[in-house]
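The next part holds the structures, each set out as structure tokens.
Each of the next two complexes has chain A plus one other chain: chain B in the first, chain C in the second.
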Partner chain A sequence: MQIGKAVGAIAAFAVLASGIVACGSSDDNGSSGGDKVKVAMVLPGPINDEGFNQSGYEGLKQCESDGAEITYQEKTPVPDFVKSFETLAQSNDVVIGHGFEFGEIAHQVAPDYPDVDFVVTSNPLDPEDDNVQHLMPNSSQGAYLAGVAAGKTTTSNKIGGIAGFDFPVLEAQMAALEAGAQSVNPQATVDTVYLGTFDDVAKGKEAARSQAASGVDVIYHIADAAGVGVIDGAEEEGVKAIGWGVDQSSLAPKTVIASQIVDQAKMIGDSCQQAIDGDWKGGLVVDGLQSGIVELTPVKNAPAGTQEAVDKARKAVIDGSADVPSIGGDIPGSGEGSN
Partner chain B sequence: MGDFLDILGSTALYATAVRLALPILFAALGEVFAERAGLVNVGLEGMMLAGAFAGVIGAHYTGSPWLGAICGMVAAIGIAAIQAGVSINLSGDQIVVGIALNLTVLGVTSFLARAIWEGGDVPKVDGFSAFSMPVLSGIPALGPIIFKQSILIYVALIAAFVSWWVLTRTSWGLRLRSCGEDPRASDSLGISVFAYRWKAMIICGALAGLGGVFLSLGQLFTFSDNMSGGRGYIALAVVIIARWSPLRALWAAFLFGACEALALRTQVTDINVPAELMLALPYVVTLIVYAGVVGRSRPPKSLGRGYSRG
Partner chain C sequence: MRRALAGQSEAVGLIVRTLLALVGAALVGSIFLAIDGVDLGFAYQEIFEQSFGSSFAVKNSLIEAVPITLVALGVAVAFRAGIFNLGGEGQIYMGALFAVLVVLGLSGLPGPVLIVLGLIGGAIGGGLWGGVAGALRSRLGLSEIITTIMLNFIAFWIVSYLVRGPIQDPDGAGYPYTKEIPAKADLPTLFGTIPLGAVLLVVAAVVVWILLERTKTGISIKSLGAGEAAGRFSGLNVERTGFAVLLIAGVLGGLAGAASLLGNEGRLSDFFSPGWGFVGVMTALIGRGTAIGTLVAGLLIGFLNNGITGAQSAAGIPTSTAQILVGVFVLFLIIVNTDIVATALRRAASSLKGGSRG
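Coming up: the complex of A and B.
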């Protein structure tokens, strides 16, 4: 009896402790905010991953400073997506799923909650429901510029790419990276390593070191928390790195030549602002280099002429004269991609 | 094919393998003590994570990686004490307690990281950086693989040999093992089963904690959520394919690390194997090796069984 209780108590505490982190609310005065727009976000990973999830969380913080009341659920496992969406839809005005994988979930849940605005990030498809909005940063444009910087910087003509998984949106960026590199350096090639994880930092670091050992001298990553390890590994091996998501040069100031900015936060904040102003509409929103949602930070630690090449490529991408492989889907002008 | 042979011949591959193997080795050595005494310690993963976190906290506030390592070991021993108390004194289900502890530590460390640092943004700390051993690092092949690493690699190698010696060559080790085989017989000879099992679990906690410390202070110099990434569970498998021997654990952990290193490295070449298949390699090889040794392996007879007097 005593034993059962002890084990039970530990198990209960375990569930509680993991719950503390899984759910967070930054609003303390709970029920009093009656007329505030309530925004909830479901994130697949931790909010402090220096990458994709963090940028989503920052978007949510913008909603808060725009005057919304916010809640979020981080590190949500895939089987809980539907449950989380339904639960949050019952008590919120806007429910945001951070990541393309929430597209199907929103489609499943949205018809039951016609008064709730559903937002899905990084999804290139045109949503079928009126109360679903897909936000798609055209990140391939940034990857193309990163490729130009890498192509100019590499002396071995071997560029490394390290990604969490072979998701279509990541594969598209790797293809854009290679296209950008070859536009300034036809001999350059990109070898991509998939880690099978976005949060195993040690594995990210060893992947970078392995690439350096095989002759790669510029490493680009789309690996979120594991990407911190990638930059660390590049620094240790004395090769260059390109950050992703936010400006990562502070992680290794002499190693990082530039960072590909993907400002999910601004897109999310804009969507919240629309909800607050009452002019929110469903549909597909695509934005990229033109409005600064996607960008490459100023180049440093790179050969002379690199910044000029990047600036030239930026113009070419914006006016459409550069051929940027992109994920396809319903993004206007993206060719006949099937995703 | 030539590409593949080039990779197999490169010292960088094995240096990577060693770094990937070390945290697993530390944890596996600890688990050998626990299992030899009759305790299945599934809480290994939680102990590593606690060690990694407390190691960074210690190193951050004291500025010394050595004090950080001690903090990491103490935190992991704390988790081990809970595991020991419930499974030894209360004869609670060892596996249930271990899993509960793993979940608890995952939640608590992530929570504390956010409580201490805004947004969970853990700063970099001074750790055990890699350094070249004078003279020895000049040895061809072996030098760059073993003698240009963090100082913790020597701690791990010494720990493996000392563990082997203690468990197989001392009467203390013999008594500890007897508690895992037939605790009632041991008890009747005046050996305190509770005391030996407690000591085994404390040693296990200290070693698993060091495994976590290697990850945070020997490799990344910071902490990130769930940074143990399942290595504690891998260590459980390593103990089985090592047939509960500290020296064989050395090879088993290295084999796993080598497969992981190979999985990362071959993706950079023209060898067209799907990434998913390469990423599964460590697990597939572990299964194959397990199938090969399973007939010959004999776990401690009372493994996983609680003991109560009378």
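Coming up: the complex of A and C.
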């Protein structure tokens, strides 16, 4: 009888749900529309975070303007990763996981869906499966340019770096920031803080204020939504800031001297274009300053000569004469100034 | 005969209440969906598809229900004793931690042995955490409401520290998680539809039912729930019972963590639980603190959750609206299961019956 209750309750829900369906629209599923390439994306955070997730979503929008039909699932909790990937693989041609952590999920799911192209962003490893592509923007190159701009701008020779977590990709960029700064200003040091969050705007603001109080006068962040707080805090304290991800100067036009652009969107759009053209291939794709995937926006609110120094550094990075710490190479111990 | 009839009307009452809640929630939910310009018929059809529509959907709904219901059973046992176990989250993390340590540490053993040891490890880890709250309550008289919440933080940060250091995956490019458990230790799926965790769930619910309804401990638990002073007066060992209750709740929470580790996530990270410990409190509330009620409530929430997340991308429901929708359903389920509403419905039903006869 007790089990009867359980079955009853479930049946009740089933009846109700089908009743609603019956009186709802009688349209077909709608998923059989034409022969457009169908692209789906799974994102760990919200698509409007002014940072990492937004750049992924913009990539998906590029797929749409390339002619693909798109769907996405945002704010996906970790326990739902496999499920979401598999669900989307059943009804799409391309499934994109936005973030390193999807590399392994793709490896788990890909063999069961050989006709689906799986794309994982921000993953520097070489994928094991033929139908998995890893996209890795060489963001350290942009961080190096940000460092050059910061090194030229600082008068206290103290630069702040605020990042969400101590992930290697982010540690590498902090190291590149310091290398860039010291290439134009040997006295410059970088004071790095890891917030432990990408979402907590108040925490980002607090970190920026306490860095400013300790004498830092240029603050660089890699903290997505929390980074908005970093820029806000810098503005209140009257110090300069460098944005990350997209051009963030509109957040505080007098405070932001430049933004490091990491155009994940273009990389994702390119991958979709390949899928549409039928020449998509699995493997590791690394790209940076050379093709504009990574860039630093034109400098403003900074001393004369800063832009010139950045342009010079850009050339040096592209021709290989500048030594940029990157995730694959040597990452100096964080926080240990080498001067 | 009379008993059977009473049972039957109880079951009918449960179905009526559940139906009422679902209809009410669907109506209110439709307002939010309509504001977002979502096609209502298509949205509800997709929610149904994604929760029940295929064996793949059913499997995922059950996977969703497993940790929620297991931890909720622990909350339910405590409810019956008048004890608030808000420590489900910590018990889940400790359970998952012990399970992952056991499975990775003994990875040479055969799969079935690893699974059993992993689950036992999870039960011990969670039990330890519940037991600490229990000991603090019975020895020092500390309120479990405070201690279980504090223990959540401690468990979370212990795991967070460990997955960033001592037990971090050396090949994980620095990401804060452990190595993945060997494939042989994954909980199997029966007939391609029923994850073993779901079987564990039913077994756990039956065990809790037996514990509450057919054992001396169950009588002690319920008399503690009826009032501590009265219990003490009638010779009940209040301290021991309170400790036992939190220990049992912890074991169930630990099993929830172990089951999700072995049956779904495969590794421990500090993003392991998206708040199941708290969803479990609501689930136990909906289930009115009974074993079977909690099982039904947990399954309902699992299917709803999975259906609504799945429908998000298919029907273009914004994530925030989807979360509101889940919240509305849960709220309605709680409302119809309050004593006031249940009694009112019973009265309405009997007056209806009387009216039709007269």
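Everything below uses one rule, namely that the second predicted complex is superposed on the first by the 296 of 339 C-alpha atoms of A that agree within 3 Å, B and C clash if a C-alpha of one lies under 4 Å from a C-alpha of the other, contacts with A are read in each partner's own complex, and residues count from 1 in each chain.
The working rule: a contact is a pair of C-beta atoms (placed from the backbone, for glycine too) under 8 Å apart; a residue touches a chain by one contact, two chains touch by 3 or more.
These numbers were taken from a predicted model, which means no experiment stands behind them.
When the shared chain is aligned, chain B and chain C each come close enough to touch A:P46.
When both complexes are overlaid on chain A, the residue A:K205 reaches chain B alone and has no touch with chain C. By the touch criterion defined above, A:L125 lies against chain C but remains apart from chain B after alignment on the C-alpha atoms of chain A. In the superposed model, A:K254 makes contact with neither chain B nor chain C. Judged by the touch definition given at the top, the superposed model places A:D166 against both chain B and chain C. By the touch criterion defined above, A:A213 lies against chain B but remains apart from chain C after alignment on the C-alpha atoms of chain A.
Of the two partner chains placed by the overlay, only chain B lies in contact with A:V193; chain C stays clear of it.
Residues 2-3, 6, 10, 13-14, 16-18, 20-21, 46, 75, 166 of chain A contact both chain B in one complex and chain C in the other.
Across the interface of their complex, chain B is touched by residues 2-3, 6-7, 10-11, 13-22, 46-50, 54, 57, 75, 160, 166, 191-197, 199-203, 205-207, 209-211, 213-214, 216, 225, 228-229, 232, 236 of chain A.
The part of chain B that touches chain A in the complex is made up of residues 7, 10, 12-13, 16, 19-20, 23, 82, 86, 90-93, 96-97, 99-104, 106-108, 110-111, 113-114, 119-121, 130, 215, 219-222, 224-227, 229, 260-261, 264-265, 267-269, 275-276, 279.
Against chain A, in their complex, chain C makes its touches with residues 4, 7-8, 10-11, 14-15, 18-19, 22-23, 26, 39-42, 44-45, 47-48, 50-52, 56, 60, 63, 164, 173-176, 180, 209, 260, 264-265, 269, 271-274, 292, 295-296, 299-300, 303, 306, 309-310, 312-314, 316, 319. Residues of chain A that touch chain C in their complex: 1-6, 8-10, 12-14, 16-18, 20-21, 23-27, 30-31, 40, 46, 71-75, 77-80, 82-84, 86-88, 90-91, 100-101, 104, 123-125, 165-169, 171, 327.
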